[in-house]
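Presented sequentially are two complexes of subunit A, the first with subunit B as partner and the second with subunit C.
Coming up: the complex of A and B.
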């Protein structure tokens, strides 16, 4: 009965989705990737959203990349620290080329970072590079960076895609017509919801298609209109697709860090005892098992244990409602005088679902929580302005430990940083400064691990979990590998299975 | 008889669900993560939702929401509309002209769109939904009351009442209102169906009741994400909503025929 109903709904939604096909389409040999959010800005100096950053990785080359443990590794260039404020980068051969055939040079690197630092460019990444005092191009393949202050993490910031110097000079609109030296070329952008790239090595076209509704995205994958989906699906739909024999499923531990933030100036959640009570009252293990379908790992810190500063020894807060009640009692709350909190979140149905579970679990220990869900703009505006008691958000793509200064140093309250909870702790400030002044990696690791233990004790954030990355593809394609940070680098190797080419092409060839 | 009994049964069950819900010891907001999306079976006829909450309990609690909202909207809309419509029709002159212009302006907006805009501006919440729907809904009753009063205000009994010095409020309340009750009741019966749909629509858009409170519209909204894996999340509240709205409309049709003096009386 349920299966028949599901089939009927499937048929109905498929008929609806056919209207999508009434628009201009790319060739049938194109591999299509479905996205919940389309990339918005194809200029790496300006892009801040995750889809744009992931697509820009394909279009542009960068000086530095990251290993699996997030340590910086050479991409375009190797480097040496001549002094603590003087770095020399050597472009490795063979250097990549731009679409016009010109090789990428040190001049392109210098012009890219010069334009990024130019206030007229209005780059949101400019703050990260304010420490650069000047750059000097020594040869076609060597460039020096001079810093104002020593910063051992400096090479790991140089992940911005390199643009051609000649086009920077004429203010080329890279955001809508990207020109880079990456493994893909910009091919076409028929409308805001579609973007087509061409793979350099074999001219394979890859189309990114925005399909907002996860159910429609699922149906398009099943119908073969889309060949690949990555993340942004409810866990139940992931399981539904993973069980389908015509779908290939892969998953990998991710680094997307979900957390609950607290306002430290609030008279209730500003108390560490209350924050600890909340931490003990939330059954994160059960939420992961049932609401996230087991596709997340419990988090105790900002970085996962696999990160080079990851702190695997942290024990965290086990689910213990009795301990939570005891802590609330110590904080002066009783059953007659129980705390009442407001929890802010976005209108995303999945985030609302998690909020409702947390609300119920806090109710069990006597914390009354009301959920305020707002559209993204209002919600994010409130968080930046400090208008909240509790909120939930996630950090995506964190790589470098400079985030500790931006998120937790007492001087990083917005607009100077992202310390949105107005967290102030002298010991945390000292540890951040001490780590920044250390050039030895093992010493940095030790200090950052102490810092994370301190953060877990004082709870500016309550760490929830690291969400897994999942990829679902039709059996018509192969070769895609899902990555820890959810990037699209797997598209470099994706291809049609064996000799099938695309089924519709095969049909066209059949007399 | 079928024509009357079918809608009456549905409306009766709906009212019973709404009124009995507070004494049934339901647990519509109790989350049991181990029951997430469990389909209907012998132990739970309607299954569980995406948070492991009982669908049956939430459906009954949702009936309370729709019942309270629809009755409040119709009652407040009727009260304000009738007072304004009768006054406008009876006094005439500039009062009537201003009233007619306001009604024209109100009617120039699509009703539900205006309600969405109002509910959005006021913020989510059931009280704001009622307020927004009353702002949109009073116009129909007021227009009807005015037209009826315009046709009746020169009737002999009204002229006689004026001649013996009855106050305007007494004439409106005692000599006009009873005569326009029948069409207003018919309008109100259709208004109930519209209010149920409007509340469900606003809740579907997230402007109605807030989590974890249950409403049929929000149940359908939450269920749409799981249609492929748990169709019961949409089917049961959808069918319930359809049945109640259909019954309210059928009851309105029957009332219209029954109260129509030109139609021969027949039951069902």
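Coming up: the complex of A and C.
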């Protein structure tokens, strides 16, 4: 029997040797960025998740970009509105090149948008461009867009990365092998959790590493296995890292808008008095100070005051438990007949912690709230189907005011839009339509500000806060700056500090 | 035959359960801003518009032809995904099992041969400690010590030959605790047997008697436990793989469930079921191989 056991051990070791293998490491000089979620789709026509959109910005050039106040500004092209339904775009010189050296042309722009509008592509962004009736290429660097009806916001939609026309024609798999004219080139994807890009100007490799667990991401940063983290960390870990002398910390006001959504068809939260009572009962300032570590700004509207339609004059609902009780009383609730609500959220531990704080604060004014947390798919499905009384979510990367129609117009109930709370208000609908039909920016601004005041009064959402963007990096690197919308553009300038410069990089630079 | 019926039951149950839980893969793939027509086109393209029983029948028909289908998201053949992930999980499982045996064997041996001594209490105390520590806590603790303080191992990932050490230790210590207790009780039983007394009477030293006669006999019931443990590990050590960003089967299933990538979940669960059946079969065969008293002939 002892012999047989020895044979068994030998067999075991043989099996082990068959499975032994480790993935290839990127070169030492690679700068690594830790992510909670890996980019899933590197085709800008198909990508919907934030990490993919941020990486695609690095790989592809686009016609239009946004200024700090989210007004559209030229990226690849300048434009002029020849008529309200006719826009002409001029590609600016020098035009960027694709990896094969070919310059980006107006034909590439036309083919990109034509393929996006092709139902066979099944692009989630097709709806945004339904207003395009046709495109016409005038020269290598000029293209006309004709619209079905006027839309002053049209240029701000043209932020989709431009693909090379010759590869679109042969159905190149851009989602896994991206080819663009952006400042970075696709280098390698060793596995689903790792993506390596090469910076064109100096061949610096940047690796995106997915590490799901935030504590492990933090430990990897401290161990120097990754060099940069941006967002997606619980506030206590951010505070811990920020106090570490070997870590550089920067933060910037963000546009990630956190809110509580209400179901307007519900007999309790469907009453404006109850929603206002909830708004007065939640001490958002205290939550920001203690639970978010002070790294958020109070929100009164969907867009921050720095946005071109931002409404800085809105006053909001100060924390006032006495007023909350009074409003509940006016709504017919007493201490004997207090409202009982269900609050839905995801299983994210931090979101759950916030939910328990809100639960406690509502309890103080006599609102009993039970928390239902579900995995993302279930939670999202319930919200879309209107199976909720209250829920909390956040909007990320909002830029254009067309979101008002999408989220608050009475015709935008899912699946036609994201009016999940089934909010219907004729005045809101009128203001949205009025703003859309106005071509003057000043007028639009005024109407959108009135609209936001109306939304704050009727509370389809209770605005909570704008979460700040934070970046934490090891002292081995420098030059990274965190952006308002949390994009990765700072990677254009990130460098090793002088003591850790890798001289071979200069020789590998892309001409 | 019974294994086949079991498998059919498992794949059908998983198929209906994963389709019944709320959440739509089209939502995850296209977001909420997609046109209704595009959503419908994609739904039809993926065959998700068909009645559930029809989808189930199509799935079983494809499965009978060894066609696991494609991932709804990446479009990659599921066989490729499984072939990428299974060796990674197998590698971790085998090393974890080795770690468990290396820790458990001396502990169990010491506890059994020094029953009611400090060694016994110490070993079993360790076993209790190991069983009580959850992997989601043990993992970061080992990272803190092994990667951050000592700098001997990478924090996570699969890069480098030594990347497997910390996840294997995390899984191995928990298993070692159970194994050590099993070895102790099994060995205590064998130590009282007549054949061991005979061996000693024939002049073998205590150590020789234990290693040549007692231990091999005591290890037979331990083998059953090892088989079950290995089956569990091959099913994907979900928490450990998540903590250590170990790209194995467990992580694949978690991601697929979150994305409602039905074909991956179905194929991975089928894979786990088959693994359990195979490991159990292998354990039975090993039993017969190791112990000549066991044979497969039916009684007359």
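Throughout what follows, the second predicted complex is superposed on the first by the 477 of 511 C-alpha atoms of A that agree within 3 Å, B and C clash if a C-alpha of one lies under 4 Å from a C-alpha of the other, contacts with A are read in each partner's own complex, and residues count from 1 in each chain.
Operating definition for what follows: contacts are C-beta pairs under 8 Å (C-beta built on N, C-alpha and C of every residue); 3 or more make two chains touch, one makes a residue touch a chain.
Remember, predicted model here, so these are calculated numbers, not experimental data.
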Once chain A of both complexes is superposed, is A:126 in touch with subunit B (first), subunit C (second), both, or neither? second
In the overlay, answer first, second, both or neither for which of subunit B and subunit C A:291 touches. first
Who contacts more of subunit A, subunit B or subunit C? C
Subunit B versus subunit C as contact partner of A:40, first or second or both or neither: second
Which superposed partner A:215 touches (first subunit B, second subunit C, both, neither): both
Does subunit B (first) or subunit C (second) touch A:481, or do both, or does neither? neither
After superposition on chain A, the subunit A residues reached by both subunit B and subunit C are 2, 5, 215, 219
Give every residue of subunit C touching subunit A within the complex, in rising order. 21-24, 27-39, 41-42, 45, 73-74, 84, 87-88, 90-91, 94-95, 98, 139-140, 143-144, 147-148, 151, 154-161, 163-164, 212, 216-217, 219, 242-245, 247, 251, 257-260, 286, 289-291
Using the touch definition from the top, list the residues of subunit B that touch subunit A in their complex. 29-31, 33-34, 36-37, 39, 50-52, 206, 210-212, 221-222, 224-232, 235
Parts of subunit A lying in touch with subunit C, wherever the complex brings them together: 1-2, 4-5, 8, 12, 15-16, 18-25, 40, 48, 119, 122-128, 130, 176, 191-193, 209-213, 215-216, 219-220, 222-223, 225, 374-378, 380-382, 384-385, 406, 414-418
So in the complex, the part of subunit A that touches subunit B is made up of which residues? 2, 5-6, 9-10, 13, 214-215, 218-219, 234, 236-237, 239-240, 286-287, 289-291, 347, 349, 352-353, 355-357, 359-360, 370-371, 373
